[in-house]
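Next, two complexes with subunit A in common: one pairs it with subunit B, the other with subunit C.
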Partner chain A sequence: MNAVIAARDPALPVQCENLSKRYDTRTVLQDLSLAIPAGAVLGLIGRNGAGKSTLIRMLLGLQLPDAGVAHVFGEPSLRLSDAVKRRLGYVPQQPDALAWMRVGDMLDFVGRMYPKWDVAFVQRALQRWQLAPAQPLAKLSPGERQRVALIRALAVTPDLLVLDEPAAALDPVARRELLREIALRAGESGTTVLFSTNIVSDLERVASHVAFLHDSRLVLNTPLDELRDRYARLVIAVASVARIPQRLPGELSRRRRPDGSCAIVVARAPHEPWPALGGDTRLDLLGLEDLFIEVTE
Partner chain B sequence: MDADLLSIQPSAAEPIYRQIAAQLRRLITSARLQPGEELPSVREVAAHHAINPMTVSRAYGQLESEGLLERRRGKGMVVAESRRRPLSDARRLEQLDTRLAELAREAGELDLPAALVLERLRALLEK
Partner chain C sequence: MRALLRELRAALGFAARPAFLVSVWVCFMCVAAALAFLGGPGGTVVAAAIFAVAALLGGFVLGTAIPPLLADARTLCLPGRFSVLSYTGSVIGIFCLAGVVLPGAWLGWHARSGVPAMLIASGALAGLLIPRMPRATVAVIWVLVIVQAAGVPVGQWLAGSHGALGPRNDLVAVFVVLALVASFSWWPVLRGDAAALEAAAIFARRRYAGGGDAATLAGKPHASFGVTVRTGRSSSAARVIRTFLGAPYAPLSGRLQLRLLLSLALVVGALTAWSSWRSSWHTGWRVGIMAWLAFAWLSFAARLAVLRHMNGERAELALLPGLGDASAQRRALYRASLGPPLLIVAAAAPLAAAAAFRESVPLAAIIAAGFWLASTVLLGVSYIAAVLAKSTAPKIYGTSAALLATMLAIWWLHGSAYNLMFPGPLGWILYLPVAWAAVALVIYARRLASYPHPLVLP
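Moving on, here comes the complex of A and B:
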C-alpha cells in the first residue's frame, strides 16, 4: 500500500499504482497499475460493469480509491491544481452537468474558464454536427448531448483527453467523425487520449495501445501493433486432445468446447512460428475482438 | 495520389501500417504510382480513414527505408525517382508471402498433397 504520495514525473500524462476499489462485497478493481505515455491513444476495453468508468474516475481524482494512488501530469489526482485541470478534457458516460443551460450559453460559460478555449472550433463543430446553440441541453437527445459534451472537451484543446464510452450514443457517421478528431489531435498536437469503448473496430483504427479490464485486473496492456498477428486460437479435435502437452509455450487460456474439442489461445513472440501440433489442429488468427472474447469468456 | 486509393481493414489480423505499406508497394511496383508522384500527407490519410497518424508515418517510413519513397522538402513524400537497383525477384516475392503461407495452411487443413496444389497454381499462373 502506498502511504506516501510522492511527486511523479510531470511529463507522464496519467498513471496509477495499486489502485483498488470495492463496492460492498464486490471487488471492482484490484491492485491496478497503469502508466500512459505522452502522445499515446489508449483504448480501454472491458465488459459492461468491469469497472472502466470507476478506473477512469479514480485516475482523474473524481472518486476515492480504497487503496493506491493516481497522478495526472505528476500531481496527485485527488489534489489537482487549476493549471493541470485546464489541460484536461473529460467526457463522462452520461454528461449532464449544467443541463438547465442552453447549448450556446453553456459553451460560453465553460469557455471563459479555459485560456486555450478554441471558439472557432466550437462554431465549426456546432454547425457540422447540426446543434442549435439556442436549444436547452435538457431538450437534446442523448446522442446530441453527447456531441455537445465532446465539443466542450475538445474545445479546451486538452493535453489529456479522457472519454468514457464516447461513441455509445453516436450514429456511425458521428462516430467516424469523432475518431477522426481523436486521430488528428493525437497526431498533430501530441494529445494523449484515454478512451473506454466496447466498439472494438473504433479502437483498432485510432488506438496506439490497448488494455483489457477483466475480473478487477488489467489482463492485457500492450501497444496495438504488437498485439496483432501475435494471438491465435488453436482448435484441437477431440481425438487428438489427449496427446497435447499440459501447457503450450505462450499459452493464455484453454477450454473444452461443447463438442469435446479443445480451444487454446496462444501468443507468439514476433517473428516466431506458431506452435506446431500437427494432426487435427486448426489455427485461427485472432483479431482484437475475438481475442477479447476468448480471454474474458 | 488520393487517400482513398488505400483500403483499410481495421479488424484484419494484419496491422494497419502493414496493410498500407503492402498496398503502396504494389501500387509502386506496378507503376500505378509514377516516380516523382506525391503521396498524400500523413494527416490527410489519417483524417480520411480516421486512423492514428503514427500508423501512416510508420508505413511511409518503412517504404522510405526500402528506397521506394523519398522525402522532398516542401513536398512531403514522393515516389522515389531513381531506384539504383530494381526490386529483385526475391523482394517482390516477399509481397506474396502472407498469402502463400495462408494458402499452404488451408491446403494442409484440406489434406491436399503439395503436388496437386502446385499443379493447379502453375496452371493459374500460366494463363
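Moving on, here comes the complex of A and C:
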C-alpha cells in the first residue's frame, strides 16, 4: 500500500491523491494520499471527529474535496459510471434512507438496480438477524436499521465494500457476525473492504491493513502483519532525556510522561535495526491499541 | 468579531443568520406596518394577523436563544460571554422593538376590538413557548395560528366591514391561547433546573430531525410494497428519485393516491364549505383554490428536506446505478421534484377559471390572478432549486424561510377575498420579493449545474 501514488491504476479499487478538506476554519484532511490494493481489508481508525467519514465520502464522490482527486476502480469518484456503481456497496454511519418503506420492499426495490443482487443472501440474512420483512424501516431501532443497510450493501455482491463505522450500533453478537461476513467475503470472493471504526479489536479480527487518521493526516498505513515488527515504543528514563536528539529516524510521536520520562514511538523499515539510544532506554513492542493511543494521544 | 459571530450562531442556531433575520422581517414587518399605518382594505385585523406572525418569530428567537445563552454564560463560563451577551442584547433589543414594541404601540393607537390584541399576544406567546414544546404540539400550534391568521381576512370580509368582527373569531383567538397554555410543558419550569439546556436540546432535535417521523406522515408504511409503489411501469430516473423522496412524491398505487386525494379533498372541501356557508359560493371557491395551492407547494417542498441528510437519500441516490450522468441526474431531479407540485398547481387553473366565469370577474382581476398564480409557481420553483443546490441543513433556512414567508404574504393579500388583487402601489411593492426569487432561481440553478454531479455535498 503506497502512501504516494505516481499514476492512477485502474486495478486499484480505491486511490486518492492529496485530498484536502476544511470545514470553516478547521482542517479535517490535509494532502492525504491513499491506495487500497484489490482484496485488502483496510481498517481506518481515528479519534472522534478525525475525519474518517469525510474521507470515506470523498473517496466515494459523495462530497467535494477542497483539493485533490479520488478514484474508484480507475474512474474519478465524482463521475462514477453505472458499471462502477454496480460494484460498490456502501453503508453510512446512520443509514436513514427510504425510511418510509418496509424492510422487504426497500430491499426488493433497490435490488432491481443491481444485476448481481443476491436474493438468497437477503432471505438468509433477514432470517439470521431476525428482521421481519414486513417491518417498516421507520420503526426499527438504530442497530436494526444498520443491519438492514449491511444486508443491502452485501446483497449487491460488491467488489468494493465501504463501511462507515458499521459496528457502532450493533450488539456484540451482530458485530461478530458482521466481522465473520466481512472476512468471508474478502477470503472467498476477493472483495476489497474499507471500514472505519473506533473498536480496535474489530480491526485485529478482520483487517489485513490498518490506517490511523490523526491531525488531518494518515500517520500510519501498514499491513497488520508487519505492525509488531515495524513499530515500537522507546521509553527513555528521566536521566537520559536530555541526551536524546530532537528527532529520531522514523519517529511518529513523542510524549513526556508524568514521571518525567519520555515515550517515543518509532517505525523502522523491514529488517532494519531499532534506533540505539543506549543508557536507560527500554524498547516496548506495541499492540494495535497501545500503538493507536501512543500515536494519537 | 468572527469568533463572536460563531459563538452567537452556535447559541442562536439558524435564527442568527442574517438572511433569515433580514428577509423574514422585511417581508412581515413591511407588510404589517404598511397596512397598519398607511391603511388599506385589510384594515386593523389583517395588520394584526401579520404582526402576530412577526411577534411569533420574535418570540421564537427569544425563547430559543436566551436559555442556552444564559446556561452557557452561567454554568459553562463561555469564553467571551460578556461580548456575546452584549451583542445578543442588541439583537434582542431589535426584536423587541420590531416584534413587540412596534405592534404594541400601534395596537394601543388603533385597537378597536379584542381580536388584534389576542392575535399578537398569541403569536408572541407561541413563539416564546415553541422551544419548550414537543414537535406535534408545535405543528398543531403553527396550524392554528396560521388558520386563525388566514381566517381573519376572510371572516372580516364576510362580516362586511373592515374593523368589527363577529364573536366567533374572538372565540377562535381565545382557543389559540388556551391551546398554547394547555400544551406547554410546565414541569421543567417548576423543577427549575436544566431547563435551558433541555430547551436547546429540543431545538437541536427539531432542526436535525431525521426522516423517520416525517416519513410516517403520509408514507403509509403499513401497506405492502405491491400496494405502495407501482411496479408495473418502467423505472425512469425521475421515478426512482420520487420513490426515494417518499410520499407524497412516491409513485403510489391507485388506492393510496385515492386516499391521499380524499384527505386533501376533505380538508379543502371543509374549508370551501365553511366559507360558502358563512358567505357565498364564490368565496368558497376562492378559499378552496388557495388551500389547494398551499398543499401543492408546502407539502411537497417540505418533503424535499430528506435530501439534506448526509446519510440518507442523497448518498444512496448518488451511488445508485441507472440514473445516468450528471446532467441526466440534474434533469431527473428537477423533473421529480417539480413535476408533482406543478401538476397540482396546474389543476387549480381550471378551477380558478370556472370560479371567474361564474362570478363574471373583470379582465383586470383575471390578469392579476394569473400573475398571482405565476408568482406562486416562481416562488415554489425557487424554493426547490434552493433546496437542491444547498445541501447542508442550516444554510437552507434563511432562503427557504424568506421564500415561504413571501409566498404566505402574497397569498394572504392577493389570494384573499379582495378580488385577488391589492389596489395601489403597495400591491406591486409586494412583488419585489418575487423578482428577488427569480434572481435566486438563476443563482441556484447555476450553482447546481456547476457541481460534478447534483447529489454531491459541498
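The criterion applied here is as follows: the second predicted complex is superposed on the first by the 259 of 297 C-alpha atoms of A that agree within 3 Å, B and C clash if a C-alpha of one lies under 4 Å from a C-alpha of the other, contacts with A are read in each partner's own complex, and residues count from 1 in each chain.
Simple rule for what comes next: a residue touches a chain if its C-beta (ideal position, glycine included) is under 8 Å from a C-beta of that chain, and two chains touch if they have at least 3 such contacts.
All values reported here derive from a predicted model rather than from experimental measurement.
Visitor: Once the two structures are overlaid on subunit A, check if subunit B and subunit C clash or fit side by side.
Guide: By the criteria stated at the top, subunit C and subunit B fit after superposition, with no clash.
Visitor: According to the contact criterion defined above, which of subunit B and subunit C contacts more residues of subunit A?
Guide: Larger number of subunit A residues touched: C.
Visitor: Figure out whether A:259 sits in contact with subunit B (first) or subunit C (second), or with both, or with neither.
Guide: So A:259 meets neither subunit B nor subunit C here.
Visitor: Quick check for you: in the superposed arrangement, does A:90 touch first (subunit B), second (subunit C), both or neither?
Guide: second
Visitor: With both complexes superposed on chain A, which partner does A:288 reach: first (subunit B), second (subunit C), both or neither?
Guide: Touch status of A:288: first partner only.
Visitor: Quick check for you: in the superposed arrangement, does A:105 touch first (subunit B), second (subunit C), both or neither?
Guide: second
Visitor: Would you sort A:64 into first (subunit B), second (subunit C), both or neither based on which partner it touches?
Guide: Second partner only.
Visitor: Subunit B and subunit C, closest CA-CA distance after overlay, in Å?
Guide: 27
Visitor: Can you list the residues of subunit A that touch subunit B in one structure and subunit C in the other?
Guide: Touching subunit B and subunit C on subunit A: no residues.
Visitor: For the complex, which residues does subunit B have touching subunit A?
Guide: 8, 10-17, 42-43, 46-47, 49-55, 58, 105, 109
Visitor: In the complex formed with subunit A, which residues of subunit C make contact?
Guide: Against subunit A, the touching part of subunit C is residues 6, 210-213, 215-216, 219-222, 224-225, 228-229, 235, 240, 243-244, 246-247, 250, 309-316, 318-322, 324-326, 451-453, 455-458.
Visitor: Sort out for me which residues of subunit A touch subunit C in the complex.
Guide: Of all residues in subunit A, those touching subunit C are 24, 57, 60-64, 76, 78-80, 82-83, 85-86, 88, 90, 92-102, 104-105, 108-110, 112-114, 134, 136-139.
Visitor: Which part of subunit A faces subunit B closely enough to touch in the complex?
Guide: For this pair, the touching residues of subunit A are 41, 176, 179-180, 183-184, 186-188, 200-201, 204-208, 224-225, 228-229, 282-283, 285-289.
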